[in-house]
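Next up: the structures, one after another.
First chain A sits with chain B, and in the next complex the same chain sits with chain C.
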Partner chain A sequence: MENVVELKGIKKAFKGFSIDQIDMEVKKGFITGFVGANGAGKSTTIKMMMNLLKPDQGEVSVFGLDYKTHEKEIKERIGFVYDANVFYEGLNLKDIKRTVAPAYKSWDDDLFDYYVDKFGLPLNKAMKKFSKGMQMKASLAIALSHHAELIIMDEPTAGLDPIFRREFLDLIQELMVDSNRTIFFSSHITTDLDRIADYIAFIQDGDIVFNHSTEEVAENYAIVKGELDLLDRDTEKAFVEVRRVPTGFEALTDNLKQVNDIFGDSVVIEHATLEDIMYYLKGGVSHV
Partner chain B sequence: MFNLFRRDLILQKKMMLIFIPFILFFIIMGTSTTLIALVASVFIPFNAFYYDEKAETNILLNSLPYTRKEIVASRYIGAVVYMLLAIGLTSLLLLVFNQSFTLNEIAIGATMFMLFAALTFPIFYIFKPGYLMIVVLISFFVFLFIVENAIPYVMENFTTLTEFVLNLSTVELYVFGTLTILVVYGVSWLASTIIYQQKAL
Partner chain C sequence: MQIIISNSSKEPIYEQIINQIKSSILSGDLKEGAALPSIRQLAKDLQISVITTKRAYEELEKSGFIYSIVGKGSFVAEQNLEVIREKKLKVIEEQLSAVIVNSKEIGLSFGELQELLKLLYEE
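And now, the complex of A and B:
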């Protein structure tokens, strides 16, 4: 399977935060959800994918090209949406379009008009008078109007109301009708990703904990509940993180088969949502 | 890169409206031609920095298919283009208002602008945005003060340099001045490019 983005051996250190080693691929033609708590390194990783930040070490390649020699070619083919409005607030959408469109060779005015119409965006109103949802729609309309093959979004759903979030997710799915397209988006709202992502990349404290298809996650991860006396040093190895309460234990496994072999019917096994996984992994056991 | 100039003009179209009254004010106040040329030149390029001061603008420009080299180049080339336009317009206004001026005064104004731009542009790339405009405004007045006071001082105290300059013919003086300013401007351009390429956004 072809990779659109490849991060190899990425290291980046800041004051008080560092990315020690990130290796990650984004598969072509799929939606990859990038999940992690606030401050886990999602935005930093995205900035490195966009060449806004340079890694201290390691390689970033997009469409198989590197930024040193092909910066413009790469960015021609990327559409981006960030969590904050990056457009000049005093301008209306018509003028913003006039400043952005000429930057792209493949800008398509008809397509832009189509999205403006579809999203019900006013062309002559200053951006600062837009609601958060409208600003997101405007950014999205701009990101989608140059036939980008890769759409990178940093927390696009943050600050949006539930109804608009649902609309947004539907729209993302519509976009995937074009099989050449790849979408990579970060979120800390795990239900968004549960709903639409094909792949989940999970980052925690600057490390990629896993990058699997949603099926793989569902097949391997589960919440296991049982009596405390079932736990010993050996059986605990089947779990990523165990929480003990007086009435028994609750644990997260990333190896459902092993759990079935060890415990059989003596435990209750439940589907682990991304939120469960995040919650248990936050428990602090480092793990790859 | 042409698109980046166009962007400046779209961003500043409202500012353009006050450009002519702004210059007229200086003309009516009887300000020296050199200073008017300088102030008129400063108008658009420094406003452009002001508009782009927000960190998000850098994120936007760098996410679009532009290289950092181009973004810096558009500032340096743009400054010269806007300066020429501003000086053209100023000369026209001076003619309309029947004010006499010499090419020399204009040339000194342009030189001072380029020197000022060369000294301040790298600051925009070094520091984080926030108070840059204030820093630049203050440095503008300091710059004017230095130019007014230091030049007579240098002329009195460094006689060899003064004699060298005074002995140049007008043509030589122009060539010498132009070359000097081009070198300073070029070095500043190079420095800004290097600084911006290293910058984390």
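And now, the complex of A and C:
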């Protein structure tokens, strides 16, 4: 499968936080969800993908091109949807269109009108009077109007109410009917990703813990519950992290097959949500 | 084609899709040559990931229920031996269920039923 974005051996150090080594791909034609706790390095990574930050070491390539030589071409093909309002607050959509459109070769006025209409966005209202959800939609409408092949979104659903979030996710799925489109979005609302993401890249403390298809995640990860006397030094190896309470244990496995072989029917096995996985992989689960 | 996905089911979503498409084919609701929705369209309609529907279609293709033509889409395959076998198995299952119901009505035990079946089978 073709990669739209490739990060190879990326390092970036800040005071008190560093990205030690990131290798990651974003597959063409799919939705990749980028999850991690606050401060794990999601925004830093996205900024490096967008060339808003330069890595200390390593290579970033987008559409197989290098920012050093093809920055303009790459940016033409990316739509960036950002969580804060990037547009001048006092401007309305008409003004913004006038400013942004000339910057893109492939800008499509008809498409812009189509999305403005579809999203129900007012053209003459100042952006600062838009609700958070409308700002997000405006930002997306602009990204889509220049036929962006890769849409990168940083926390697009943060601060949206549940209904708006659902609408937004439906919209993203509609966009994916086009197999040339790739979406990469970060979120710490993992339920957004449980259903619609094709790949999950999980970042923790500046490291990519995994980058799997959601099918692989569902096949290998699970929550296992059982009686404490089932645990010993050997059987525990099947788990990533175990939480013990007097009434039994609850654990995360990344090797469901092994758990089935070892424990069979003596344990309860449940589907692990991304939230479960994040929680357990974070480690330091309390042992009561 | 109707597909109902349950999020709380233990059965993985791709298997739910496979089983429901299979049963539509076996029941004749989906006829030979009928076009299935595209992988991407189905993902959108079911609000699930593309990779999940892709996997379901790939497995249906592997077991010969459907076939795909690049650029055209996926279609219900000509019924092969496995399909026919599965169809028959389904009928047998139904008939056996009826036998069990009847046996229970007259208090025939499982052992006795087995004996009877063995006798008839070896005839």
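As a working rule, the second predicted complex is superposed on the first by the 283 of 288 C-alpha atoms of A that agree within 3 Å, B and C clash if a C-alpha of one lies under 4 Å from a C-alpha of the other, contacts with A are read in each partner's own complex, and residues count from 1 in each chain.
One rule holds in what follows: a residue touches a chain if its C-beta (ideal position, glycine included) is under 8 Å from a C-beta of that chain, and two chains touch if they have at least 3 such contacts.
Source: prediction; values computed, not measured.
Superimposing the complexes on chain A yields a three-chain arrangement in which chain B and chain C fit side by side. After superposition on chain A, the vertex angle at the CA centre of chain A, spanning the CA centres of chain B and chain C, is 150 degrees to the nearest 10.
When the two complexes are overlaid on their common chain A, residue A:Lys54 makes contact with chain B while staying clear of chain C. Ranking chain B and chain C by residues of chain A touched puts B first. Shared-chain residue A:Thr214: touches chain C; no touch with chain B. When both complexes are overlaid on chain A, the residue A:Val268 reaches neither chain B nor chain C.
Looking at the shared chain after the overlay, A:Asp95 reaches chain B, while chain C stays out of its contact range.
With both structures placed on the common chain, the touch criterion links A:Tyr104 to chain B but leaves chain C unconnected. After overlaying the two complexes on the shared chain, residue contacts for A:Ile31 are found with chain C alone; chain B is out of touch.
Nowhere in the superposition do the C-alpha atoms of chain B and chain C come closer than 28 Å. When the two complexes are laid over each other on chain A, chain A has no residue in contact with both chain B and chain C. Partner chain B is touched in their complex by these residues of chain A: 47, 50-54, 71-73, 75-76, 78, 80, 82, 84-88, 90-91, 95, 98-100, 102-105. Against chain C, the residues of chain A that register as touching in their complex are 29-31, 169-170, 173-174, 176-179, 195-199, 213-215, 218-219, 271. Note for the complex: chain C touches chain A at residues 7, 10, 12, 14, 38, 40-41, 43-44, 47-52, 55. Looking at the complex, you find that chain B touches chain A at residues 3, 6-7, 10-11, 51, 56-57, 59-60, 62-67, 200-201.
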